[in-house]
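Please find the structures below.
Shared between the two complexes below is subunit A, which has subunit B as its partner in the first and subunit C in the second.
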Partner chain A sequence: MQDTVKTWLTEGTVDIFLGYKMVEGHPIPHGFSRNCLDEIDEMVTGPARYSLEKFATQLLQIHPEAKIGILARDCTQRALNVLTIWQQISPGQIKTLQVNCCPSPLGSNTDCSYLQPAETGTYKAAHGVDGSQSLQTLEQMPEEERFDRWMYEFQKCIKCYGCRNVCPMCFCRECSLENKDLVGNGHLPPDIPIFHLVRAVHMAGRCIDCGLCEEACPAEIPLRMLYRKINDMMGTLFDYHTGSSPDQSPFSLLGDKPSSGLPPMTAELSKNK
Partner chain B sequence: MTNSYDDLEGAGCIFVIGSNTTACHPLIARRIYKAKERGAKLIVADPRGIQLSHMANVSVNHRMGSDVALLNGMMHVICKNGWQAADYINSRTENAEALFAVLDAYTPERVQAITGVKAGDIELMAETYAQNSPAALLYAMGITQHTTGVDNVKSCCNLAMLCGNVGVAGGGVNPLRGQNNVQGACDMGGLPNVFTGYQPVSDADANAKFSEAWGRPLPDKPGLTISDMVPAMLDGKIKALYVIGENPKLSDPDWNHFNHALNNLELLVAQDLFLSETAQVADVVFPAASVAEKNGTFTNSERRCARINKAIEPVGNALADWRIISRLATAMDYPMNYGSAGEIFEEMRALTPKSYAGMTYERLGINGLQWPCPDTEHPGTPYLHSEQFARGKGKFHAIEYQDPAEMPDADYPYFLTTGRVFAHYHTGTMTRVSKHLDHEAPFGYVDINPLDARNIKVGEGDPVVLSSRRGEMEVAVRLNEKLPPGSLFLPIHFGESAANLLTSSEALDPLAKIPEFKVSAVQVCRAS
Partner chain C sequence: MECKFVPSVCSYCGTGCGILFQVVDGRLIGTLPMKTHPVNQGKLCIKGWNLHEHINSELRLKNPLIKTFGRFSRVNWDTAIRYTADRLQKIIKKHGPDSVGVLVSAKATNEENYLAQKFARAVIGTNNVDHCARL
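Moving on to the complex of A and B:
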């Protein structure tokens, strides 16, 4: 792997390679360049993850012509597909070096230990949402109970914006979460559930189920579950599978005649009751 | 903190008093969440309803400044039910009888009358704390910033020792520090009465040791606290003030009084990252390097000393604080020729045998070490007082409740407390310049209960005039039903609506000299 990266850099296939470097026992995200080829010996793979594709997007905003190599898991590939669709990167601008991946309904080849859910505590199991459960198990609960459990999770929010800041899909120049007309400012907890639902709605057609938001959340809100529900609805309602290809734009998924041939949304919503 | 952050997750009960933890210490709040979700009990006592109150098994809003009464009430109930740790009290502590004698009179009914907390809730707090060992007690400025600050802290210690919670994992008395390195600054002798590691300047051996190391005879009398410096500035006894990394023009009590004192100075020097309110009126400003521009160490709330590493060279003319001080000392005929922060650390640890001697930059690594760390084989200390207390036996203090310096009266009928907003840090020099944080709280405001707002005929956003015996100010109203009627809350971050126009510089704890920022009596009226 190190040899591949060295070759890419020396031959000019890429200008920079985004991966992880071991610093005092901690894998830290790092940009490797041909000026410091020796550093590549310290490049590591493993369970550590960070939003490397977000760095790539930001680098391309500053250097639109740069060629970027990136250490990629399945979720990275999904992210690049969606970023291409949303015109944040151009096809072929980013070259991936594939490594093994984490458990996700959207992928296989799994070894991401950070995503092994910690044991769910008794109080959380009784009052909150257990992120280690499947969406299907959660949805078997009565709607009112589910609502109460989600509200328990949301009221822990300390409005750190960690979910947004780490998200490879949060590239908007203006963020709805910072629009006072949508979400009130200056309070803890933030306006709930609207803060989390605004973000969830914006994840439709974007969330690539990397789980970094949930990993970043200091309040351990099972955000991944929330956005999985959104993806689930995108699949059921529109046959849209976020990140599965770089071609299917959400703007064209309805075709020429919007709503024809699609099940009405109310059917999906009433099914869950 | 006697204990460690990790420890909190193993507590059977966490008692939070005088700390709005989710807003001011969010990563400690994370540990509280984790403990709670695992099954630990949570008690929250705060004059305001706070975010943590919603998660608590027992949540109470005690009247501002009534902490000693509340804690004595809990201890009264514990002793009455025999829930105290009798063996621990016998073998590890002293002076318990004096405490017991005082506690007799703090019946739940009397404490209810003082604190406004229902007798049944006091009993429930006592039972929850005593019956779910180990219990960790957490506090912040809500305990310390009172004329009875030292009494409040001693009462917290009394409660913890009464139930055998000091010197055990998952327990302890845990003050949450307000800054990343305030523990380190105190450890380094940034106090008027001690050298590093709390070695008293008045101790002949310590004084001789430091005088020899630094090659000059050192004063053996304590200097002045900041609260004592202000009157000395007014009297002309202090002619020059050198302010490093602080913004007293906004953070000191009684704004008008403090500004008179500043005007009396012949020289004001400020050393800061930004041109703070204090730096704006200084005669000389030294631009200090930020955390990203310097090497060194920070010591955090859990006594963990960890390294910081320079990421970029200082921008512009900025220098690391130690370089500025070294140059100044050299210019004043005391040459300081340190080559690096590491060299100073080596000098410091050689002079600080009990706590820092075992730390080296190499050993600190990326995770740091917790003091005491007396030798280079020592692994550091996750919790204090494990075998015995630092002084031998843990001493109980018999403490009687006293009212705050100012109670509401006919002229000033409201309680006012000051504090923090989640988005801002202290006087806002570092946070108000951030677009995202400014979005959350761009202006100052006063929190007021909707019932009080109705009485003075104001609504959300309306301007009101707040006045105290020290001064007055105009500020916009924010309605908050989680604040008890008769109480107001004013954030401290906003220079244009400076909370310290109203606070007192004379209401000080007699020992610690900390001002009573947490209780003032004020009047509030609709602005004309």
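Moving on to the complex of A and C:
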């Protein structure tokens, strides 16, 4: 792996390679460059996982012409697909070096232990939402109970914006979560459930289930579950599979020709009746 | 093109969360929680997430200022330290060492706080030392 990165850098395949370096026992993300090839011997692949694709997007905003190499897990690949669709990166600008991966229904490689869900305590099991269960199990609960449980989770929010800051798909110049008309400022918890639902809606067709938001949430809100539901709906209603390819435009659900009827959605809605 | 992440500790409160400063081309562009730090394990509060902002802020003070006749004027460090030492000496001579109090900070390092209390006790000669985490 080290040799590949060295070759990429010396041959000019990439200008910078984003991976991890051990610094005093901590795996720290690092941009390896041609000027310090020796550093590459210290490159590691884990165990900590940072949003390398977000760093790549940020680098491209500063150096639009740069060619970037990046250590990629499955979620990174999905993220790059979505970032391409949303025109945050252009295809071919980012070259990936595939490494092993973490569990997600959107991916099949599952031998990274980093994302093993934290153990659910008894209080959370009784009153909150256990993020380690499947969406289907959760949905078997009565609606009212589910609502109460989600509200219990949301009221723990300390509005750190960590979920948004860490998310590779949150690249908006202006964020709705800072819009005073939607989310008032100066009080905690923030306006719930609107704060979390605004973000959830924005993750439709965007969230690639990397779980970084959930890992960054100091309140341990099972955010991933929320966005899984949204993208589950994208799949069943619109046959849109977030992150699966770099060319399924978010507008593809409108069909080839403009029309007022959305065939897949109508089918699903009539099923619900 | 340079892109690196510099490990550090959040200076906003006594919790001491581990952070990474995101540096691109020598310019600080962001702060991230350090995932493997034993204190915060990849999480931060809103202050920590925005640590880089005050560093790049236009309002940041980069030189000592001395207020004379109600107006601040920029001076160099030697002048500022000399001025402060003179004033402290005058006050201590006139009113005694206990007329001075030293407030240290959760936002400074352990070593800096140690030095500050040493300065209060051994140089000024007072036990008036307190800490912002107690205020």
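Everything that follows uses one rule, which is that the second predicted complex is superposed on the first by the 255 of 273 C-alpha atoms of A that agree within 3 Å, B and C clash if a C-alpha of one lies under 4 Å from a C-alpha of the other, contacts with A are read in each partner's own complex, and residues count from 1 in each chain.
The definition used in the following text is that contacts are C-beta pairs under 8 Å (C-beta built on N, C-alpha and C of every residue); 3 or more make two chains touch, one makes a residue touch a chain.
The model shown is predicted, which means the values in this text are computed figures rather than measured ones.
Peer 1: Once the two structures are overlaid on subunit A, check if subunit B and subunit C clash or fit side by side.
Peer 2: With subunit A as the common anchor, subunit B and subunit C collide in the superposed model.
Peer 1: May I ask you to decide whether A:Lys156 touches subunit B, subunit C, both, or neither, giving the answer as first, second, both or neither?
Peer 2: First partner only, subunit B.
Peer 1: By residue count, is subunit A touched more by subunit B or by subunit C?
Peer 2: C
Peer 1: Quick one: classify A:Asn185 as touching subunit B (first), subunit C (second), both or neither.
Peer 2: In the superposition, A:Asn185 touches subunit B alone.
Peer 1: Regarding the shared-chain residue A:Lys124, is it in contact with subunit B (first), subunit C (second), both, or neither?
Peer 2: The answer is first: A:Lys124 touches subunit B but not subunit C.
Peer 1: Look at A:His26 in the shared chain and tell me whether it touches subunit B only, subunit C only, both, or neither; answer first, second, both or neither.
Peer 2: Both subunit B and subunit C are touched by A:His26.
Peer 1: Between subunit B and subunit C, which residues of subunit A are contacted by each of them?
Peer 2: Common interface on subunit A, subunit B vs subunit C: 23-26, 158-161, 218.
Peer 1: State the interface residues of subunit A toward subunit C in the complex, per the touch definition above.
Peer 2: Touching subunit C from subunit A are residues 15-16, 18, 23-31, 33, 47-50, 55, 58-59, 62-63, 66, 158-162, 165-166, 215-218.
Peer 1: Looking at the complex, which residues from subunit A come into contact with subunit B?
Peer 2: That would be residues 23-26, 120-124, 128, 155-156, 158-161, 178, 185-186, 188-189, 218-220 of subunit A.
Peer 1: Going by the contact rule at the top, pick out the subunit B residues touching subunit A in the complex.
Peer 2: Where subunit B meets subunit A, its residues are 22-23, 26-27, 29-30, 33-34, 36-39, 51, 54-55, 365-366, 421-423, 436, 439-441, 478.
Peer 1: In the complex of these two chains, what residues of subunit C are touching subunit A?
Peer 2: So the residues of subunit C touching subunit A come out as 1-5, 7, 20, 22, 24-25, 29-30, 32-37, 40, 42-46, 48-49.
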